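Okay, so chain A shows up in both of these, paired with chain B first and chain C after.
The block that comes next holds the complex of A and B.
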């Protein structure tokens, strides 16, 4: 699904080294304070958005429609008189849900498949690799169309499609780390102790690929938020009147000539969140020494 | 070589077969009876039953899939549940706009990305490298369709110099056609370029670290010569495969851009079919888009194996 991770994580080293000695957070704070700031703000808004929202997210008031930013409505109102700031805070929570669903589906399925393929090799590897190869790069929107046609338009259904599209990203990285580790001493020692291959994969191999998987989760989390916005914009995701970045942009498109600021505000906020997650992914790649640079 | 090509073609067909089954069963299993949708809420059960029979919806699923597949192979994609017009005809009418948009955008994106990526790889430490790389990261993070909305705000709402949507067919008026495609193409180019630049930069930087580049340098070759003889050809080869993988993005992007700018392409056709539960059209659109994806990837693979013989051995 993401083109980012395919370039960034092409040469994984399963053994994160020197930088481990300083803590992850202090490393990130020095390496990419912007990423830390943006992602923290996003998570804060996602968790406490409903408590912080100054107005209702869904109550309409046509006498207050399409207002510019003012003292009562800090970011103005939309065409139905709803407070933009409150709806943005609600959208952050929706975006976080989108991210969780995608990373859960892509991470569990992908890492599982990759782990088994790389760890066991042989015919398992061949089959898994072929399947992920076919899915790799397959247009996400077609998967979304099929799934939404089968089920119905909703956040969960749209994100199941995006999660499936994310499977190859996780599978590829898990597979290559598993292959690297296959003949290392500690794996051989475990084998010598008589542990089963599956047990070795779960207790020895898996813990050693957490870093690379977190990097992919960060990049694919960014993609999840982008796809939530795109699919809800198209009407395949979050349904009105519930707020989401995509449904807000959909509303905004109909009033571009009366109230262009709505589209601009929402887009800047989504872009900032995605940028934060992408920068975080870059910084994490450096931390685990998987960067291409 | 023949074996390699054969394997690739078989793989392509297997993919298409899987997609066709998926598209068929997903839409056939979907809730909501197309006959009931078509007749409205006032229809009597007997009429719904009769229309079901007429549309062949009373048959068991595998039978319906078999019939459907046989027709598809002969180029018959069925008829729309809403307009009763043949799906193949609807797609045929919508395809030119999509293809023009996609091809134009891909060509422009490649023409911009390759020099830019090479430049960034060649000069990793100039004053402009960091801002430019930052700009690329920013570009990757901005949702493509939002850029489309911004372009409409700037060029249509504020400056009044370009249309905010609509499409003029190429055979009616070339000037109008290009004018109606400026903003959609720009949107798609801005969507595709950043990740392509990033890929080219990484690919070229990797080549620059190769031993044979050091050898060339030791023999006194200048940077320009090294770039032209070693870096560019090797980078182009890997970029070609990457473009194949990018096709998914291109197809997704083109569909979204069509919705924003009201271009009557297959994206808009498919999207309105999803919202109206017009299953034959959904199946047709998914199948045609997937076939395009598989076909172009196959061509990329074949081109790749012609340029670089090492691939065939793998």
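The block that comes next holds the complex of A and C.
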């Protein structure tokens, strides 16, 4: 008993009581290993795709057309004799770019708008909220078609449209966190030090919404990949012969009877990436909920 | 008193709209602080007590101007700061600091202690020697220098509150308002933080407004005591006489509720149990706000509000029938 009290009494003042907090990666590995695996594979393929690709992504060779998976072409070839694995690796890079553009546009604009609306309140909030509501009402695909028609079909133009459609998601979460924090004591303490409201939003409020924003980013990232595939499928995104999931699916559609492999592999890969990102989003929300306590 | 007061609060009033019901706006208001006047002199600590919800925090926030009062005036060092804008208050901020009640909410969870303190040290203006100033601050509040690299979640409640105190001290303020600085802490670490505040008070000759709901806590730090009830200041007196002989029946009841270690004193003191609950601050009672719960209330108490006035030298109370020595003798 005496031993116990003497040890507990000496520790708190001597060493900072570092409460062990579980690292993010080790938490994800335990909570959702599949998400971690799928997303890492995707990012790895996106980053190193061009280096890893065993064949050219665009060179055609009609003598090798529509092959089933074999030793030379692990995932077979398409109607023009291009290596499916190599084109999938290229498509992963395109998908990652799409995700990046959407998250950058949606995240920066959305978080900025939400932060200002929630943090300043009043008339600012009213105006910003109406603007995001209107943005939310727009049909994504229609904006995409308009933008692409006005400009020209390209990945960037298509993804700008999708990014704008993602603004309300980020704005909503940023606004709600900013409102929650507005009258918290550490914000008042910052006011008590004479910091301006804008500075408080940037240095005190923003760092506390990174977690929720990353969660939205992983869900909207999955959406971005789906939209990229859809728009490229319709010919509004990546232009042939460059590979992308959407254009590969369109090519596969024409040869569904002769070469079903193509549609199946592309479909499975796209679904796996989207599943991985959604699982990651779920796991991240659990992680933040847990570490907030 | 010798010098001019550092802080002068005159008829300070703050009402809030009843939360959550914009329909009821105008119908009901929370009378958080109602016509409160007092002064704080350089170098003294004024202790302010009152039950939860009586408006202590609101008053504190009005004094440091985190909240704009609805009426009355706040004068700091002779300057009227009642309605100054947040921007124009900036140069004054280094003179006015607040210690918050909840050390779990008052430190940004994403900032290290060093960042929290350097934001406050910035108010001093001089650029150089900030590292040294930080170590000096940490030492003053009894924390080792390596705590600078800690995040708030790595600290205990007592350690966090020490960081909160260091932040308030950093700009070398002339007034520190401490809003229940120990009431969120474990009983085991309370004494440590309270002793720290007393030491700082002595060493730095701080001027403080020290708020608490606990008369036992406030006794150790205060030169004068103010008692609040439902947004009103009902008594203001020097600490030594106040604890022996409160004038307001409400003060008397509060005092009788703190445990007395001395059995002899306990025997002579009557235990006063207040009847009923604290009335709603939305519709406070007419006349003296305490009259429905007061054992000495008479008809005038329900109709006329007693002003805060001096009944004995240095002893103010807002009561028609203050507990003066002669009236005590009558009662017993």
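Before moving on, here are some points about what is shown:
As a working rule, the second predicted complex is superposed on the first by the 268 of 293 C-alpha atoms of A that agree within 3 Å, B and C clash if a C-alpha of one lies under 4 Å from a C-alpha of the other, contacts with A are read in each partner's own complex, and residues count from 1 in each chain.
In this text, contacts are C-beta pairs under 8 Å (C-beta built on N, C-alpha and C of every residue); 3 or more make two chains touch, one makes a residue touch a chain.
Since we're looking at a predicted model, the values are computed, not measured.
When both complexes are overlaid on chain A, the residue A:140 reaches chain B alone and has no touch with chain C.
After overlaying the two complexes on the shared chain, residue contacts for A:66 are found with neither chain B nor chain C. Shared-chain residue A:208: touches chain C; no touch with chain B.
In the overlay built on the shared chain, the residue A:184 is in contact with chain C alone; chain B does not reach it. Judged by the touch definition given at the top, the superposed model places A:193 against chain C, while chain B stays out of reach.
When both complexes are overlaid on chain A, the residue A:156 reaches neither chain B nor chain C.
Counting contacts by the rule stated earlier, no residue of chain A appears in both its interface with chain B and its interface with chain C.
On chain C, the positions that touch chain A within their shared complex are 61, 64, 66, 86-87, 89-91, 93-94, 96-98, 100-102, 105-111, 119-120, 122-123, 146-147, 150, 153-156, 158-159, 164, 167, 171. Chain contact summary for the complex, chain A toward chain C: residues 12, 16-19, 21, 184-186, 188-197, 204, 207-208.
Considering their complex, residues 11, 15, 18, 22-23, 26-27, 29-31, 137-138, 140-146, 149-150, 152-153, 156-158, 164, 195, 198-199, 202, 205-206, 242, 244-249, 251-252, 255-256, 259-260, 270-271, 274-275, 277, 279, 282, 285-286, 289-290, 293, 297 of chain B touch chain A. If you check the complex, the residues on chain A that touch chain B are 3-4, 6-7, 10, 130, 134, 136-142, 145-153, 222, 226, 229-230, 233-236, 249, 252-253, 256-257, 260, 263-264, 266-267, 270-271, 274-275, 278-279, 282, 292-293.
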